[in-house]
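Going in written order, the chains are labelled A, B and C, and every chain counts its residues from 1.
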Amino acid sequence: MTTPATTTATSSIANEIQKQVSEKRPFSLSRFLKDRRFLYCVSLTAFFGIWKYIDYTQVLGNGIAAPDAVVAQIWKLANKTIAGKSLWGHIWASTYRIIIGFSIAAVIAVPLGVIMALNRYVNAIVKPVFDLIKPMPPFAWISCAILWFGIDEPSKIFIIVVGTFVPCLLNAYMGIRLIEPQLYDVIRMLGGNRKDEILQVGFPAAFPAIFAGLQISLSCAWTCVLSAELVSARSGLGFIIIQGMQLSRPAMVLAGMVVLAFVAWATTLLITGLEKKLCPWKREAVQM
Amino acid sequence: MAYETVKVDTPLVLRILPVASVVAFFGIWQGVVDFGIVPNTMLASPTQVAVLFWEKLFVADPDGAVLSVHAWVSIQEAFTGFFLSLLVGIPLGLMMGWFNVAEGLARPIFELIRPIPPVAWIPLTIFWFGIGIPGKVFIIWLSGIVPCVINSYVGVRMTSPTLIQMARTYGATDWEIFKKICIPSALPMVFGAMTISQAYCWTTLVGAEYLAADQGLGYLITMGRRLASPPMVVLGMICVGLTGVAIGIVIERLEKKLLAGIRR
Amino acid sequence: METSQEYKIDCQHISKTFVQKGTQRVHVLEDISVNVKNNEFLVILGPGQSGKSTLLRIIAGLETPSEGNVYLDGKEVSGPGADRGLVFQSYMLFPWKTVLGNVELGPKLRGISKNERREVAQHYIDLVGLKGFENHYPHQLSGGMKQRVGIARAYSNNPELMLLDEPFGQLDAQTRYFMEKETARIWETEKRTVLFVTNNIEEAIFLGDRILSLQGKLPGRMHAMYEVHLPRPREHTEMKFLELRQKITDASELTL
């Protein structure tokens, strides 16, 4: 047994050795060239440089806009309105659709997945139908959605619900199914009943998987909302992109894409942070 | 003998329920349309779809091609994009996992592009390639490459450090370790990427064909909507689903075969 | 069937057959009859794959025997219950609960008030020597500390019978030796009837009042019963300890 006192002592010694070593390292050119921050700078400079150069040489004709033109376009979009909405309005229009569609899907799919995993009769009834519907890409539903709901908000929300439903349900189902069965034994040995097994083991143990499902769903939701908006919309980031295409203005298309990437990235960051807060017991895995 | 093989039956109810559920699904679907609960302009019944399926095998009108041509075009595009993404994504991911320089150079660009849904590239590719096959292949390639890179990267990163240290004590160079230890140990993850990547490719393909195409299964769905023909929409959806499942099964078989070779 | 009240546990002619992976039938236990007196420390000794864990799980009520019956205080065991505490080989702590949360779970499930169960949990956390770690999560603890939590969790329900399933199998030799001493100490402090499953002969002699050894292949059969008449606390280097160890080693080699 290691007592806490000795562990801290040894680790602090290790830290000291580490520090000394790193301080003693002399500057060398090869190490500087292999430094990650330096490489990141090189990479980004090259990326934007080539982008600018492609625009400059007109290899792609008028099919591309230089990075500075895109930034200028974003600035312009932020300060004036398109189709009655500012850039913030369009961002909110897309986000709002995602929030509604995503919530509907999560509220139905997660409990359904949990119940399917816990009750084999429900599973036997729902799973075959789910397996029939699962392989349809969300995009394939757009036509149906338009036939059923017209081209207004409901059809876009429907697409998001359909697209996020599958990963939500699958992850909830697998999360419950992959629980170590002996954890249930612990509850039974401590005198718990079936309800305690589900409340004390089922939900908390499946929580990381359910959450992972929500994360996947969220990135699906962005694809879905964009697809729906590309097909028909009067607002949203997809609308900006498609407007740019119809007006043959690549700067506007790229501006839409950059803003979209940023917002999608921010939502992902938000939900990752939320996960860290909600399940502090989850250990780090190799991720990218 | 302590071990003996027996056959255990699943309860009868559990064998009947799935069949009953699928039959009920189609029954309700047929009923809902036949009795006019949902108007025929919004949904086609299974029998209507089946009839149209038979017709579309031989008749090119009104959308310009028979079903097999649509399917063949879609499969061609999907596989071209898929193989190109494997070809680029896997080596890139493997290199990024092992070589600091490769990661330092590729990572920022990858992170910049990753959050953009592949569908968002459609307008740009129309500027660049028109609505022909290259544009669609490009978009499919973009969507397929992300899981390839991520899985290969993680696969290399998960290589047991003990194995690497062992190789170092025997005097192996970085390149040898990469070749002889990191790649083989990453292979299960890499093959896992194939399944994910294929699914992404197929999903994106429908999107790409939706916006820019004159042939393909996604185009069939769009035409169905434009012609206000629910049977064609449903037929297109079913074909997309079935073809996707078929490709998925093929890839999974392939993956199992390749993995069995490694484990041996 | 009749059973005597004087035994805490009475197993009569237990056999067990499993169906594995849907198609494979495995015969695990064959005609085991054993009884345990009140406050006795019985060790079930056997090599891997001898069905000893299954026997423990049957007594715990987590598995039903294919043949035979288990009686606890003269009543037939029909399912798991709070009157028995089980400690698992792979700890089986709840990773989302702190040490305190894990230990107080038993009383919590029985509906005991917060203050009271905190008190009970604290008592057993102190007993197993984890004072100061109440708010740590299991992944922050070493293997030995995790198993201390496992033991405290089983004790906190105040069970009449403690079942330990190779509890120290995943620990390194030194920690294991230390934990054996701790187990003996805890048992001396709070006497319980204990069933302890192990594959380690020294551990068996160090802890047990009696040792039931099983044959080394499936199906598991009773091989021998040894009585350990050594004063506690025991020493691994005592002459009598070593003699008994030699005796058991010789006997079990014959069965392999």
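Here is the rule we go by: a residue touches a chain if its C-beta (ideal position, glycine included) is under 8 Å from a C-beta of that chain, and two chains touch if they have at least 3 such contacts.
Source: prediction; values computed, not measured.
At the far end from chain B, in terms of centres built from Cα atoms, lies C. At the centre of the protein atoms shown, by the Cα-centroid criterion, sits A.
Each chain gets a centre from the mean of its Cα atoms; for chain A and chain B, those two points are 19 Å apart. With centres set at the average Cα position, the gap from chain A to chain C is 46 Å. Centroids built from CA atoms put chain C at 50 Å from chain B. Multi-chain contact residues, meaning those touching two or more other chains, do not occur anywhere in chain B.
Taken residue by residue, chain A touches two or more other chains at no position, since every residue touches fewer. The residues of chain A lying in touch with chain C in their complex are 1-2, 4, 180, 182-183, 185-192, 196, 200-201, 204-205, 207, 279-281, 283.
Touching chain A in their complex are the following residues of chain B: 13-14, 17-22, 25, 41-43, 100-101, 103-109, 112-113, 115-124, 126-128, 149-150, 153-154, 157-158, 202-203, 205-207, 210-211, 218, 221-222, 224-225, 228, 230, 233-234, 236-237, 240-242, 244-245, 248. Looking at the complex, you find that chain A touches chain B at residues 34-36, 38-40, 42-44, 46-47, 60-64, 120-121, 124-129, 132, 135-144, 146-148, 219, 222-223, 226-227, 230-231, 238, 241-242, 244-245, 248, 250, 253-254, 256-257, 260-262, 264-265, 268, 286-288. Chain C meets chain A in the complex at residues 60-62, 79-82, 84-86, 88, 90, 92, 94-96, 105-106, 109-110, 132, 137-139, 142, 144-145, 153-154, 157, 175, 178.
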